[in-house]
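Some structures are shown below for you to check.
Both complexes below contain subunit A, partnered by subunit B and then by subunit C.
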Partner chain A sequence: MLKMTDLHTELKESIVEQLNLEEMEPADISDEEPLFGDGLGLDSIDALELIVLLEKDYGIKLTEPEQGREIFVSINKMAQFIEENRTK
Partner chain B sequence: MKNKIYITGIGGISAQKNDFAENPLVYEQLIFKAHTPNFKEFIKPMALRRMSQAVKMGVTTALLALKDAKVELPEAIITGTGEGCKKDTERFLEKLLDQREDLLNPTPFIQSTHNTIGGQIALHLGCKNYNVTYSQNSASLESAFIDAQLLLSENPKSNNILVGGVDEVSEVISGFRNLDQQLKTKKIKNLDLFKDDSPGTIASEGSHFFLLTSEIKESTYAELIDLGIINSVSTQGLTSEVESFLTNNQLKPEDIDVVILGNNGDNRFDHFYENLQQGIFKNTQQLVYKHLIGEYETATGFAFLLAANILKSGEIPGILKANNIPEVKTKNILIYNQYLARDHSLSLLRAV
Partner chain C sequence: MQKELYIKHWVKIKAGKIFDVEETFLATEEKDLNTFLKLGYQRLQISYPKFHKMDGLSKLGILASEIISRKHSFSKETALIFSNAASCLETDEEFQNSMQNFPSPATFVYTLPNIVLGELSIRHGLQSENSFFVSPQFDAALLVDYSTNLINTKMAPQVLCGWIDLQSGEYDVFLCLISSEGKTQFSEEMLRKIYYAENDRPTHRT
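Let's turn to the complex of A and B:
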């Protein structure tokens, strides 16, 4: 299993690549920064991409779309959720 | 009486820069990309990140046309695209195969539809007005113009209609043109296109948007008089179709000062143009342009840009001339185009 810090880095790299954040480096995203709204500024299409990313990379299928609101708050929250629920 | 339509703003992106008359860009590829501006100067990075080339070119040229006409919000956005957002279609289909139809990324699917371009222009402008996309092969842009014509005839008070044509190249789908000899078999320089007597052509991409107004403004280039589309016609029948189109507009072939033709070097189909060049437009100044910008479904956008600029400036770049006729003051310009012997279009523009 990856260490927590490695998972954080991996997540940031996946987000930059998957969401085409061309102007950003993974290191530009802080662990606590809000991913949506005033923080990184992601939108609803990005939320769909993150749901696909969770299932494809970590085997986590979100059954309740509402869960996304709690999980995609920040890199820290996402990493914690992945550690607790990953199947691969 | 028909309502008047004027081209009052233009934005264009093609494989050539603005100074193509003096410094034409030379390509030695069968498929080449457009010469694009720095899109970041027009579109915010967070919006730009999802856009394919077609959307970037479409949004940028729409903004340029609006700026040229000093208009902030159009009353309608009408887009023509022959093949739509091919890059995202390809990305979506590749993922579909790679991931065995499972866990597909939503972005390329959402962005793969033909009306993404018009939709993204509207989103960028915050424009909730009439928005329609036409996809009619090589008559897509002309179909969009005809819709603008109809819109203005239904509501003479309409104004500021944004009409454009956009097509992009993509790795795989553009390459399919090889399969039925739509492309030359050997690489040639674009400027040598008409020296090579062989089947096929060279392909590229581009976007041209035009802001149409019902009144003449300071920035007005020309009047758009009429458009016609003929899906299928014989070489012989074309002459009478052209004459009939001109008659409907109270003109004869000799009233046309400049004819802009879509010759693309494909010796299987260029006879449509040559028949007019050696026939009713023998004594008319003939211009060609696809040796500069390549062939694509909405390449006539460049012809509209040329016609509008010639009618405004009175200057005809030598690199476009297919024959040498003593220059007269240009009043009427006819644009004729076809692709693979289908979707013949006639567009008539006049000086203001």
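Let's turn to the complex of A and C:
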């Protein structure tokens, strides 16, 4: 099992790669920064990609896409949710 | 009375080259499509992070339109009339492949050829008429008829029209800005002449 700080780093790397944030380094993303809106500026399609990422990398299947609103608030929030619900 | 129309500017992207009527912006032997598109983005010094999320067809459209818009700004009524032979086949195939594991929503949204028109409209703030035609080959008559009609009926003051094709990693782009100002006459013959010049391998479906 990854340490929480390693999970944060892994998540940032996955987000940069999966969402094609080519002008950004994983280290540019802070743990508390909002992922949507004024923060990282992700959009609704990115939210769907994050849902796919949860299932593919951590075996977490969201049954309600609206759950994403509470989970994809920040890297901290995502990492906490993954720790509590991961199946792989 | 019908206005005389002109090709105000044109740009081509083909076989490692990005060039317009005045200059060559990039000439490279790079064979990989994504690397070539990124080189074009860097060479043109575009700052638009959304570019990296787009499919190949939309990236080609952004690069070509960027060159024209820097020399002749687009009003928000500038219409877009594009055409090609392969539709969005490359992206369709990519999405189909992704379905074997986890289908990608970000790829799915580009599985329509006219998405490039939406991306250009967002990039340049256009609120105008647009259409995308899939033809077996470059159809100058269609582009002249449609563009002329739009301008003469005052539906658009100018039209960005042309061919933007991508199949099997090979790209063939020829976009031109049509307006009532300019020096090069807008005609089927002239469109064909520019399109086929330095284009010994046009992308056609035969």
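Methods note: the second predicted complex is superposed on the first by the 88 of 88 C-alpha atoms of A that agree within 3 Å, B and C clash if a C-alpha of one lies under 4 Å from a C-alpha of the other, contacts with A are read in each partner's own complex, and residues count from 1 in each chain.
The rule is short, and it goes like this: a residue touches a chain if its C-beta (ideal position, glycine included) is under 8 Å from a C-beta of that chain, and two chains touch if they have at least 3 such contacts.
Treat the numbers as computed from the prediction; the structure is a model and nothing was measured.
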Please work out whether A:Glu64 is in contact with subunit B alone, subunit C alone, both, or neither, and reply first, second, both or neither.
-> neither
Identify the partner contact of A:Glu23: answer first if only subunit B is touched, second if only subunit C is, both if each is, neither if none is.
-> both
Check the residue A:Ile45 against both partner chains and state whether it touches subunit B (first), subunit C (second), both, or neither.
-> both
Examine A:Glu55 and indicate which partner it touches, taking first as subunit B and second as subunit C; both and neither are also allowed.
-> both
Which of the two partners, first being subunit B and second being subunit C, lies in contact with A:Glu84: first, second, both, or neither?
-> neither
What is the shared patch of subunit A, the residues that subunit B and subunit C both contact?
-> 19-23, 45, 48-49, 52, 55-56
Contact set on subunit C toward subunit A in their complex | 38, 49, 52-53, 101-106, 109
Partner subunit A, residues of subunit B touching it in the complex | 45-46, 48-50, 99, 103-107, 110
What residues on subunit A touch subunit C, complex-wise?
-> 19-24, 45-46, 48-49, 52, 55-56
Contacts from subunit A onto subunit B in the complex sit at residues 18-23, 41, 45, 48-49, 52, 55-56
